[in-house]
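Below you'll find the structures, each written out as structure tokens.
In the two complexes that follow, chain A is the common piece, with chain B as its partner first and chain C second.
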Partner chain A sequence: MHIADGVLPTSVAAGSYAVSLALVAWSVKKTRGDDLPKVAVVTSSFFVASLIHVPLGPTSVHLLIPGLVGMLLGNSAFVSIALGLLLQSMLFQFGGITAWGANSLMMGLPALVCGWLFERTKGATLLRHVCAGAVLGGVGVTLAGIMLALLLFTSGEDFLGVAKIALIAHIPVIAIEAAVSAFTVSFLYKVKPELLKTAFQAVP
Partner chain B sequence: MRAFPGMTKETGYLFVSRYTGYSPTQPDVRIRGGGKEKEEELSDRMKIARLSFLLFCLAAILLCNAPPVANAQGAGTAASGSAPPTAQSHDLSQVEKCEQVIALLQQQRSLLTRELAQIKRELAALRESMSQPGLLEVFAGIGYILGFAGIAFFVHSKKSSRNS
Partner chain C sequence: MMNPSIHLIRLPSLWLLAVLLLLALPVYVGVRRIFIQSRSNNCSAPQRDRDWSIPAIDAAAPKQSLFHSWDPRFKVVSLLIYWFCVASIKQLPLCLVAFVIALLAVRLAKIPVRTSMKRIAALSGFIGMFLIIMPLTVPAKSGDHLLVLESFQFLKFNLRGFSLALRIGLKASAIALMMDPVLGTSPFPVTLNALARLRVPNMIVQMISLTHRYIFVFHHEAKRMATGMRARGFHKRTDMETLKTTGNYIGMLFVRSFERTERVYDAMLARGYNGQFPGVAEFRAEHKDWLKGGFWVAAGLALIASDKLFHLQLPYGL
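Right, the complex of A and B next:
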């Protein structure tokens, strides 16, 4: 789910650049220095995850993991996703450089929303953590699909049509991401629960 | 280009250029166009090339026949007095030669087409494999990310040491 160069009108591309840069600055400011290794590792995972292709009938889909990034990083998720997308567009030619702002918004905002929701729904037990992780892993991709439709709507596409296509094409991704997120959250809860707790702590 | 009886260098080049559409001075559109031309265009071009080649052959036969025939006739009557070879038999042999050349050229052309198609397939496969991100790009990206994290860590430690 990447927007290529020249799809969006210039005004939308420029506007999304501005909003993305502002959000990146905010996200950097909110990032705790002690969390930097975690941010780096999660950013690397996000960067590489899009290369993991899951064969599906005649086509193949790849992981997006905005939900998982949001759950693990909280406020820092936006800068992580923006950096990952920048490197993806430069090294892999996934999405265009001019559409970087739009792509960052498309993946970063769902990540922030998922992180925020996870903070409020995760509770204290393993089961609740896993359930919240699974649901929000799927919600992340769904929101990204809706953001994609919204952004393409500004370039004159039919909003509902694009949203439907994006969501139908990503139903398998939603299911896979839910499973991956649930597994990751349950593993982290058992092995290193601190990683799931620091998401929205204030900058010291 | 294989030689055939009676072929000079010039006629050989002419045959090749007329028949295959290739000439040393004009760029070959089919090769340089990157294989994007439509099949119909190619076949049209082939038809025109074939037609013009046949016309050229006819003209060449008509033009080239006259002096050798006259010479042969002159020599025949002067030396031995035997019956001179008729113009018809010359025509026939020329036509046979032309047919031989056509067959040769067609054979070579089909061979070249096959080889070109294979090269194009390999080129497409190469382009496809080159557009796929490889291990190098993955590690480069991870290196960038860790590098940025390192810079951020450095800034953070500077800040915290200044604060303390």
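Right, the complex of A and C next:
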């Protein structure tokens, strides 16, 4: 779920804008300069993947994939997610334009965490890749849900109820996302394993 | 023991019936839609996914209006300030004023009603959730008005929470509606060019432009793959098999996009790409551009000032 306009206090909205812009700059710096156009093109495919709906009983949920983006892009994930969310806000009104900073933090920070952890836990075998993919796919959504709840809570104790329910609504998505991430990682491991070696990373 | 300064308004249970009847209409429409969808599913024409076709951001660009003739640089900056002002309003009547201003601006910019409706529809889930949850979960403070039904004492409908949700809904819609008059009234490349002139780093502007272009390409690709999956008899269900297929589907989408990325980049280099796209637009600021920009900034500041200075007492603490 993305935060709409007018929910967050102005100080939080503006502050998260500043932090997000700083993180975008950092993320761009961590990407090899020539590769930025490639990150942009790959971002489009993440954008499209996040529109895919998975049925859940009588309704359906759409994938958030912060974990997968982090696993595939590493440090470049933040700029990718920030751009994707900007375009989602402009094209679909998913997430308000004044809440863009908050939404970018909500999805981008979990992606960075997942990318970092995936780098350290993936090991060399298919089984370990799949396990890491499943756990981190779930972790990505969990962290995003917690960030959402925290951001809502900055608006005051009146928002505690909404924050709790938003958190609960993330639970089925965690399970679905963990499974889909595991299958995607296993597919990529078999079909194009070099994609799992965090592309576009700047050599320090 | 309940705080004595909380106003309890007891309603006869008949009210619940009235509200339920009011709610029944949208539920009926929703159920009908699901029913029709599942029926079309059964006759093996599975159009189960909602239509996620991506709207063109600048579809209304070739028209003429005060917004169309406005320099995009001023448009973006002044409206961004205005949006933040609207987002900080706290009083219900002023939220309503901002909403009406947005409606007028949409009218003035000749944005098709359908486009605006789509934006509001995208918001409706979020706002609807707030409208239902906030009144029931907001902690009761002194001065609050609670609606209580005689037969359901445990459900306390807090009018302050309802007002909070209503204000958020109005502000969110007011800002969402203004997106089209800003982004939709000049061709998207021109808007991006304006961003570059506003010292947004060139690389970021180019990334937005490339991402925007390739969204449509990959969406097309994703749709073709989905068609192929359906042709092989794939049906979305709530089971592991669906999740596995979806996982592979996403993996394939990534593989194709990464492979395509290399080719796209090589093609760009072959055509002389040197980290810059040639500019498409010339910008010349005129008096009227400053005037319009000044108007929106002033409007935003006026809204904030009246929010801080005047306090309208509404009945029932709304």
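We adopt the following convention: the second predicted complex is superposed on the first by the 173 of 204 C-alpha atoms of A that agree within 3 Å, B and C clash if a C-alpha of one lies under 4 Å from a C-alpha of the other, contacts with A are read in each partner's own complex, and residues count from 1 in each chain.
The working rule: a residue touches a chain if its C-beta (ideal position, glycine included) is under 8 Å from a C-beta of that chain, and two chains touch if they have at least 3 such contacts.
Quick caveat: nothing in here was measured; it's all calculated off a predicted structure.
Within the superposed three-chain model, A:44 lies in touch with chain B and with chain C [touch as defined at top]. By the touch criterion defined above, A:112 reaches neither chain B nor chain C. Within the superposed three-chain model, A:84 lies in touch with chain B and with chain C [touch as defined at top].
Contacts of A:196 after superposition: neither chain B nor chain C is touched. By the touch criterion defined above, A:36 reaches both chain B and chain C. In the superposition on chain A, A:158 contacts chain C only, with no contact to chain B.
When the two complexes are overlaid, the chain among chain B and chain C that reaches more residues of chain A is C. Shared-chain residue A:102: touches no atom of chain B or chain C.
By the touch criterion defined above, A:149 reaches neither chain B nor chain C. Of the two partner chains placed around the shared chain by superposition, chain B and chain C are both touched by A:93. For the contact definition in use here, the residues of chain A common to its chain B contact set and its chain C contact set are 28, 36-37, 39-40, 43-44, 47-48, 51, 83-84, 87, 91-93. Those residues of chain B whose C-beta lies close enough to touch chain A in the complex are 131, 133, 137-138, 140-142, 144-146, 148-149, 152-153, 156-157, 159-160.
The residues of chain C lying in touch with chain A in their complex are 34, 48-50, 52, 54-55, 57, 80, 83-84, 86-89, 95, 118-119, 122-123, 126-127, 129-130, 133-134, 136-139, 160-161, 164, 167-168, 170-172, 174-176, 179, 183, 201, 203-204, 206-208, 210-215, 217-219, 221-222, 236-238, 240, 242-244, 246-258, 260-262, 264-265, 268, 273.
The touching residues of chain A, counted against chain C in their complex, run 1-2, 4-10, 13-14, 24, 28, 36-45, 47-49, 51-58, 60, 63, 65, 68, 72, 79, 83-84, 86-87, 89-94, 96-98, 157-162, 164-165, 176, 179-188, 191-192, 195, 199.
Residues of chain A that touch chain B in their complex: 28, 31, 33, 36-37, 39-40, 43-44, 47-48, 51, 83-84, 87-88, 91-93.
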